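Next up: some structures, all given as structure tokens.
There are two complexes below, and they share chain A, which is joined by chain B in the first and by chain C in the second.
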Partner chain A sequence: MRSAKELIEAHGPVERDVYLDLENSSPVLPEVVEAMLPYFNERAFGSPTITHKLGWEAYEAVMEASQRMASYIGASSPEEINFTNSETEANNLALLGGCIANKDKGFKVVVSTAEPLSVDFPCRALLPKIGFNVIKVPVNEEGFVIQERFEEALDKGTILVSIAAVNHEIGTIQSLKELVEIVRDKAPNALFHTDASDAYGRVPFNIKELDVDLATLSSYKIQGPRGIGALYVKEGVKVERIIEGQMGTQTLWPGLENVPAMVGFQKASEIAFKNFDEDVSHMRRLRDKLIDGILSSIKDALLNGPKGDRRAPDNVNVSFLRCVGEALTMELSFKGVYVSTGSACTRRITLPSHVLMAIGRRHEEAHGSILMKISRRHTDEDISYVLKVLPEAVERLRSISPA
Partner chain B sequence: MFEEFPYEELPSRVPLLYGRKVLELFRNPKNLGRMDDADAMAYAGSPVCGDMIAMYLKISDEEVVEKAKFESYGCAANIAAASILTEMITDKKLEEAWKISWRDVTKELGGLPSVKYHCGVLAVGALRRAIRNYHERKGKLPDWIPKGETLEEKQALEEEELAKVLSKRFKLE
Partner chain C sequence: MRSAKELIEAHGPVERDVYLDLENSSPVLPEVVEAMLPYFNERAFGSPTITHKLGWEAYEAVMEASQRMASYIGASSPEEINFTNSETEANNLALLGGCIANKDKGFKVVVSTAEPLSVDFPCRALLPKIGFNVIKVPVNEEGFVIQERFEEALDKGTILVSIAAVNHEIGTIQSLKELVEIVRDKAPNALFHTDASDAYGRVPFNIKELDVDLATLSSYKIQGPRGIGALYVKEGVKVERIIEGQMGTQTLWPGLENVPAMVGFQKASEIAFKNFDEDVSHMRRLRDKLIDGILSSIKDALLNGPKGDRRAPDNVNVSFLRCVGEALTMELSFKGVYVSTGSACTRRITLPSHVLMAIGRRHEEAHGSILMKISRRHTDEDISYVLKVLPEAVERLRSISPA
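Take a look at the complex of A and B:
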């Protein structure tokens, strides 16, 4: 096994660090870390199911976290919040658990072609294997579900629909309310699940107004700790457990509750909703500064996803023609800017992101895509720095390319 | 209906831990650029693949590589593989250059993650295509060039074909 040590040494220092890879992981906010610390070994480190003081303290912490999070999304009770160890687990629970609980009503599942991998992969592998039929509805060139095709795919035998509230790669804010209404009309037996990981804390998202049955929430995407996610399950909606073990305070996801992470998730949520409107306009302004700066200073750069109010305030996704994303990711790292790309290498070939394929990008356009996410803590100086180094990085890689 | 990628082609995202040599050549590639007066040149891969190498050779009357240059549209491993191959063949007889395999290139780079082996394959594929073309244009293949394509030439072609097939599949929707 090769060590990463020599890579880190060879990397060397940078003028400034700007971490824009919030899609894949994030730095936990200092206030969040501070809130979590006592819960590791000072207080509430018991199991919330045991009848002693440390257990009661833990129980109190779990309840408070559930209550607060329920209030942020407009849920009616804390029992509707089910913590899992990640949004990947929450999505799997929603899809598999939702289908299995509803299998007497039909076997059809409807999703879009641009869902995140923790929805897309179960739909490719697990669900077909246990007898469910997955229909993928196309999206348009901006990532919006094509409503006519969506309607055509739905019927009484449809038992589950999963459409992300905000696309994780290109920031499309889906017209979720309309889609839910269509489902209620055409597929009365279906549960509506939405992966709201990219909406939570950045795009107004109210469970009551939307009337969805299941919703996935993510902690690290709002700079809470990793290792925690949640699935909202509307009261009365039946979801089957997909893993078994010691039951704790919640019945859908067995195992010892990760109390410090729940406290961190709650704290990050609190911060996200405290100055929500100001934060969102701040992110949106920086987003547009970055997008406009890129498009005006670098030629042959294409914005992926919609513009303006229909785009998530944190999302910037641009394809640089005649560049390969992975090389650009490394080149930018040497300048202290951390991003990610949609394309990934396999044994034989570079595979473009399925989301960019779904919106009709050509392979050579998708290979040069870079995903950047802006947080509420980024500054104008951060974005100016990115705009300074990005053109040089793209220019160097293009100068190597024969294409 | 939307046709899927074959499941076994799904990216695994194993960490790509490159060696120091790959990093060095990525940042400061040797023998980079077009060569307008090349005696032989060839491409392997395509923009659709996300990997493409152009190899240029200046060849003496004694069939020695006097100068080799490359261009690359690809990842760091791709750039490094093409760059190191140009160094490995400079001042070599064409016959010796022909014998360099993708394994030799990988070794010279201090190893590559397995998902990046195809970068070495592509670099050697481009070189061998250039050498083959050079002799074909002269009208006669020397006996050290087999009639049929070698592994690297075949795999470069396979990658180009696979990329075409996959990009067509996606267009069906």
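Take a look at the complex of A and C:
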């Protein structure tokens, strides 16, 4: 096994760099970095609740970021936006803080089998330890929650439901409004939480129309900075803090506010919502060009997740039979194309992606999958280049595969 | 009450800007911002555990940051450095994760009455809820833990002790080595945690010589970026995760690693340790110039905390009788001098700083206190300017005070 350093050094010049691993990390947009820069040490670098100029400037910056973010999702008030350090913290806060605050009403939590790990792992490791039962509802072969099974799982003792708006791996756009209505009917005491990290900035959603109680938003997934995320909490909904410390402007997460990151998150959001419809059409076109190009040029390739309008505009996830996903990501890296295999979340575990298993893929199919996400800045030329190098890479790996 | 915007607009040009509120936030050093910049979108912007070039670069960056940070504190291995989102998360992780992992050994936790709020609040709000008893040991009038009372509090059922290396408000340099020895003797099952946020980069400490089990390090307190902190965990010491999600290179804190912030934290550390002794002498000289200047020019002013070598080189905390601290911070802001009153942590609560109360200050003395921290970049001219405007400000406020 070569070291990371050796692997980096082994890279030669490439015809083009196409970064498609936007599921796991992202380059921050240049305009976002530019917007953040003054906040590091020129202005507003005080703590937002300290009574001096740098503090007041910081307070104004935090208020403006909250206000804008609230407007992008259709929230009623900036106070409904609670900044955390990332979507991971926001999901943990929603699940743990939401359950603890409502434990007098019951002890049942309902999620699907295809949730992101920052929902799935707290459900496995933390909630049962503090006395909550977690019920996992299956999804169908396209990743949609099976509604009859969902209804069966709900009752008056259910205090929290968490279903992602868009699946992070296979792009399934859940029928969230219907699911919320079912919950209001069958589980009137339950809070509805949605991890909207893969919807925000790419799939239209209005938080008031959907009527969810809690929603997680991610910054890096729209090429904003890391170190910031947000949890929308509907006015009147109770959530308890899960860590404690100095309280500033954010009532649910203590500690010094990361103002430069908030400003960056706001800027990335502004960019995402500026030409929303146009950008989404562009991404959807490139997505279909990539999917169609792969399926027509590579045999024994299976698309994971739904097609068309029910799929997120940025998501491409394909399983290549007789091909190990990890080998393929490496092979493609040397050509300047950066993708991931299965879910990055599971990379330290030898098990394949739990999402792909949840939609019924066999181990071999899951292991041979690669996940690509298209941004509003990708071009036709980028996709054409991927369609040039990907079939060669699959071909080469299959030719040296023992199978 | 004027709005933040109005208050900012009311500021005219000033002779000089002197930012001394380094307790609550800090301007990031320009070299640190410069070091971070390429990591936003030029290199290493992958997730450190994904197998492609951007991921390998990120992995190398994380490993280098861990290695360097380990070397600065004298840790045996980079694996002992666990990055979190800030010192707040690190303290919560140490306390909650340390207690939960060792609950089979007992249920007693011992802290002092002068700990930072990210230690104090988890002890009040979170630990008792999950079944732990917290004993608070008093400090003397200079902020030192009273050793006899400390010894009395410890026993074999004590599983965790947390005492900050340096008090964040009054600069008391605790005799940590002695306290650790007492714990090893009286409470052999206890982990020793220290919040070293106010020592790191300013007060020499070697983690192996001290033999603590857990130590919190802060980035913004050495003018590194926000959104990052670290918990040193001695090899073999068990700590449980308190939030769950995608596991990457950091085994105690899930989620995408904030690589630019890690690089920034590393760079700020490098700067802090480069000319350590020289810088510390410089800060100490400016500190004493400021303290002596205040005490000789302003009557009814009381220094909070010890003097000389037992005080952190950056800390100046003075109570002005017949003066409201918050009014003073505002008055000084208009002159370009930025300070805080009491502990910023307590600003949303009408109570005075718990640290000042712990050392026996009366309410009025605590309310009239201001806290200033000197950095290695401050100059003699900065301090002379503060000594020019501060007496005038105190004088003016006292002249309009109803008392």
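Here, the second predicted complex is superposed on the first by the 392 of 403 C-alpha atoms of A that agree within 3 Å, B and C clash if a C-alpha of one lies under 4 Å from a C-alpha of the other, contacts with A are read in each partner's own complex, and residues count from 1 in each chain.
The definition used in the following text is that a contact is a pair of C-beta atoms (placed from the backbone, for glycine too) under 8 Å apart; a residue touches a chain by one contact, two chains touch by 3 or more.
Here the structure is a predicted model, which means the values were calculated and not measured.
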item: Broader residue contact with chain A after superposition on the shared chain, chain B or chain C; value: C
item: First, second, both or neither for A:Met357, with chain B first and chain C second; value: first
item: First (chain B), second (chain C), both or neither touched by A:Ser118; value: second
item: Which of chain B and chain C A:Pro128 touches, first, second, both or neither; value: neither
item: Partner chain in contact with A:Arg226 - chain B first, chain C second, else both or neither; value: second
item: Touched partner set for A:Thr49, first chain B, second chain C, both or neither; value: second
item: Touched partner set for A:Ile400, first chain B, second chain C, both or neither; value: first
item: Which of chain B and chain C A:Ala4 touches, first, second, both or neither; value: both
item: Which of chain B and chain C A:Glu60 touches, first, second, both or neither; value: second
item: Partner chain(s) touched by A:Leu256 [first = chain B, second = chain C, both, neither]; value: second
item: Footprint overlap on chain A, where chain B in one structure and chain C in the other make contact; value: 4, 7, 11, 121, 124-125, 326, 330, 344-345, 347-348
item: Of all residues in chain A, those that touch chain B in their complex; value: 2-4, 6-7, 10-11, 113, 121, 124-125, 136, 138, 322, 324, 326-327, 330, 334, 343-352, 354, 357, 362-364, 367, 400-403
item: Contacting residues of chain B [partner chain A, same complex]; value: 2, 4-5, 7, 9-13, 15-20, 23-24, 26-27, 29, 32, 34, 43, 47-54, 71-76, 78-79, 111, 114-118, 158-159, 162-163, 166-167, 170, 173
item: Chain A-touching residues of chain C, taken from the complex the two chains share; value: 4-5, 7-8, 11, 19, 21, 24-30, 33, 37, 40-42, 45-47, 49-60, 63, 85-89, 91-92, 96, 116-118, 121-122, 124-126, 220, 225-228, 241-248, 254-261, 326, 329-330, 332-333, 338-341, 344-345, 347-348
